[in-house]
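Every chain is named by a letter (A, B, C and D) in the order it is written, and numbering of its residues begins at 1.
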């Protein structure tokens, strides 16, 4: 096993990987940009090296500098996390040439499966259904309009090199094509340095269901069952769970087998994810493969009992998978909410600033994967994911109740977060009954708005008044001020007044 | 001293009585049993009629407060009678000029400006695109009107609440 | 199900119970003594009532006041936690008379099984082995000396009403009896208001293994398998785990059956624990029953997937056990470390003060049940348990590695804690190989001492010097200051200097 | 300026050079690459030769520090040459008086006093019992000697570091 690993990432995922290192007695090396000097991932690492100024291109995406640090500190392997260089085949190739292990798939597999169009072709060959659309990049607006007319609106424009919703646009009619085509190309170029886009039919009421994959270099590949990630905003996931309430055991097995087939034939190694869309008639379509660890990997970890990052280390170190498909027996229900620094009340606009107060939830069945601490600064330079809250329980219903409890305990002040949104979401009857799709938010617009909290307004008024007068001691209520009966006088008054 | 407190569309009339060292709060003629303790900087625990609330409270000056009470945000105005009188007077004077200022909702980079000066815009129409956290965010007009002035250029790095442009509101 | 529950406790266990309430939509009512006004359990509750001044007798043990608050707030049931009134049959009886549910066993079962001597008798009748010793209270020193001579030294003096190591004394020879007898009586009287003591043979190399029990009012009783709690100081548990590495499947099943038999015949209801000692020859002896929720219940929760506090609510509300014995299938390995405000370097002396900084560990497989937050004050009035750190992993070895990782992340400053001790304990080869007994600490005295940390002393010297000079900016090392080779100049210097 | 720093039984001679705005630390003639940043009140992050340490640091005044470095506690003395000289002089003057003060290791209640004034005691012998957190804790003599004076009575509530008794050390 490796003795020292460099983590080419920041935030919660860097912390996640450091934890796996420490549990295996591996030294964890952090890199950081100038504004990240005081970040949590730096403090938890064994070694830390400044890599450049704030812009990612000059720091977390700066391959030359990262390789120089690897040489300097003597790390034997690099974990890229997700985002940044995680799906960059040239980086993987360059490390390989320097004799450094890339903890991820071989460069060739990234290139093949990372190219959304090539992956679609491979799926077709393997008789895995794909969404109707183009298999080649589209070079012009008129061409796009022609193809869209053929497969029928609405259609989705997607980046060939894409992921995470970047470079993606929904088009309802021909007249919208020009503006969206440009925007998708620009966003794809900015995000991936590759402006190829393609077209897919836009499914109605689709559900996003993906299968976690592990494959070693000996040709063994297994899946760790599915995650449902249908709750999204701007084509980015907000809530993930495992298992999905939608799948029958038969369909689950069929999709799992399809995912393993695709993984094997692509020469894939390490952890990866095969994403599907499933429509209301339970037809499933291969969407794309993510050739890296996913943000939402913890829900799979909890139902299977496996540590996916450790599995990645074993595979990258050349070990054989220690599990057969029949050994992977999922148990219970896991749910994840992504805590973004975003204001759900203002269309999920990013929110920046200092984390003035932080209290993360704990107790039974709660896991918090956090990249922040009290005093952390949330900058506009990077992704707005602060932390992930994951819960487990014996049933989906209990998991939702537990998540509600944990969200209510979770105090983050100083920036806006998605926590209040999740509290409202988890109260929603459609969500609770599993009646969800990737269009859920569009169909439940009210959920994004902050509530009025009328029943607490009196408490708010009193708090403000006390503070206004300098927080002088109040008239403390002693237990024995009541007369001992359930009808104590002040209590009746209290109840009435609170209902005004 | 009597106070008027506005919160969540409601107005509460509360009276303060100073019985050193205790302060009594009177509501509708009856004392309010409360206990308010600071936990950490802006975090407080309020026990009110036995109910417990975790209150995040930040003063915005002049009796204005931003509050989060059990995950619900509030804005509050505390005024005594004198202040209320003065304020209502001032409000009457400075009645809306019909100009809407568009402020940056977050720090970022102006990646595209979609309108020109004097252009007519409708509520909901895109004005410009700000890039932050690797996402493009379109800033939309909250009103119908015409663009009065654009204060930023494409490529500008902007702070939160920077003035982006002004719109003459249509009446 | 109950709509409102009052929690007659404080600290981490009150927080634990509040969480179960909130996950079930039950309103949680806290009580607090004057110094506990700002405690975490108060802040997480829906309602909170001042119950009296600091001394427990005037607050958390004040039955009249607690019952007055219950009447006042309209709670339908009381959860006593552990300690305080948890094993007080008179309190349970009084609540019953007021029509309030006591979330625990019936008063008669507390009285029967809470009396250590009566329980020993019952075990004998049920053919469950007991430790050689007396079945009646001992009234005088000469009597004690006579019996001890018969069963052979060393012997243990124990409080009949006891628990938690209070009123317990180890006696190696006849001459020690007088002083220890008095001390045990005094401690028993102070702790339980009952100074009856009895004698037991002191086993060599015994291991403490206990079985978690659930029983409903319909006569159904099951066990949730075992916990091993052999790592103790002053007869109080420090580390607990499930499963125990000692037991064979056959012995485990036999002990589980014995535990269920004792539970059934005692008319017990709700959650409880049957404690055994197991000697080096794998003989097991019934030790005592704890008629309440145990501190260490989370390790059972994690391997079984059950929420024990919710199970207590269901049983107290008169529901039937939803599980049969064969439904309880433990999975993986769970480990708990009790974070006490004690200085292990000074013989585990209590440490008090303000929690000046707190950062609890998170991430995969980690559960923190905490009663504190930053700014909390640790008072000398109550038990010194601040929090419990629980981990789960697929194997014991991985669980220990995970616990090590979590302990290293765990920052508590302002009071001394047992965290540094646990870090040393978990490195110990005997502990790692499962070679443990209740005498482990006595046999590994060095573990209690703080290490010298020589390899960090240079970093300590530099930190102090910088601070002494007003924390001026340092000569920041940029990644590109190295020459890009693994032999960069400053690195070689650095390594050498750090080894001085 | 040169400093001598004592920690964990070791002494480091470090030199400070002031190159505003940077401060260089020189050890054995070579600059020490470090970066020291405050995270929260007394918590710091030190990066030293690339290694990262979380440092809890509290000044006890006069160059004395209590430190916790990755869960290991240290006490540190920082002295410049002048202070060192003065201190060694002072130490020589106030050379041990042979009296050992027994301080309360924690707050609590004196539940029993096991010795009397003028009684001879051995190292390890119990002196008194302090009850705290519901546990009885026996305070033992660290030295051989005779009890000089007992400063507390049974039943007294005591603060941490309260003077409990004094022992005349046997030489």
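One rule holds in what follows: a contact is a pair of C-beta atoms (placed from the backbone, for glycine too) under 8 Å apart; a residue touches a chain by one contact, two chains touch by 3 or more.
Nothing here was measured: the structure is a model prediction, and the numbers come from that model.
Enquirer: Could you tell me which pair, C-D or A-D, is linked by more C-beta pairs in contact?
Expert: Answer by contact count: C-D.
Enquirer: I'd like the Å distance between the centres of chain A and chain D, where a centre is the mean of that chain's Cα atoms.
Expert: Averaging C-alpha atoms per chain gives centres 48 Å apart.
Enquirer: Report the inter-chain centroid distance for chain B and chain D in whole angstrom, where each centroid is the mean of the CA atoms.
Expert: Here the centre of chain D sits 51 Å away from the centre of chain B.
Enquirer: Centroid from C-alpha atoms only, then distance chain A to chain B, rounded to Å. What do you get?
Expert: 31
Enquirer: Hey, what residues on chain B touch two or more of the other chains?
Expert: Counting only residues that touch two or more other chains, chain B contributes 35, 40, 47, 50-51, 54.
Enquirer: Which residues does chain A have that touch at least 2 chains other than itself?
Expert: Residues 49-50, 72-73, 373-374, 408, 476-477, 491 of chain A each touch two or more of the other chains.
Enquirer: Which chains touch, pair by pair?
Expert: A-B, A-C, A-D, B-C, C-D
Enquirer: Which of the residues in chain C end up touching chain D in this complex?
Expert: 166, 183, 187, 191, 234, 341, 343, 345-346, 349-352, 356-357, 380-384, 407-408, 411, 413, 419-420, 423, 450-454, 456-469, 471-477, 481, 490-491, 493-495, 497-498, 500
Enquirer: Please name which positions on chain B make contact with chain A in the complex.
Expert: Touching chain A: residues 3, 5, 7-10, 12, 14, 16, 21-25, 27-28, 30-36, 38, 40-44, 46-51, 53-57, 59, 63, 65, 67-74, 76, 78, 105-108, 132-137, 160 of chain B.
Enquirer: Chain B touches which residues of chain C in the complex?
Expert: 30, 37-38, 42-43, 45-50, 72-73, 373-375
Enquirer: Give every residue of chain C touching chain A within the complex, in rising order.
Expert: 15-16, 19-20, 22-25, 31, 44, 49-52, 65, 68-69, 71-72, 74, 298, 301, 305-307, 331-332, 359-360, 362-370, 373-374, 393-394, 398, 401-402, 404-405, 408-409, 476-480, 482, 484-486, 488, 491
Enquirer: For the complex, give me every residue of chain D touching chain A.
Expert: Touching chain A from chain D are residues 35, 37, 39-40, 45, 47, 50-52, 54.
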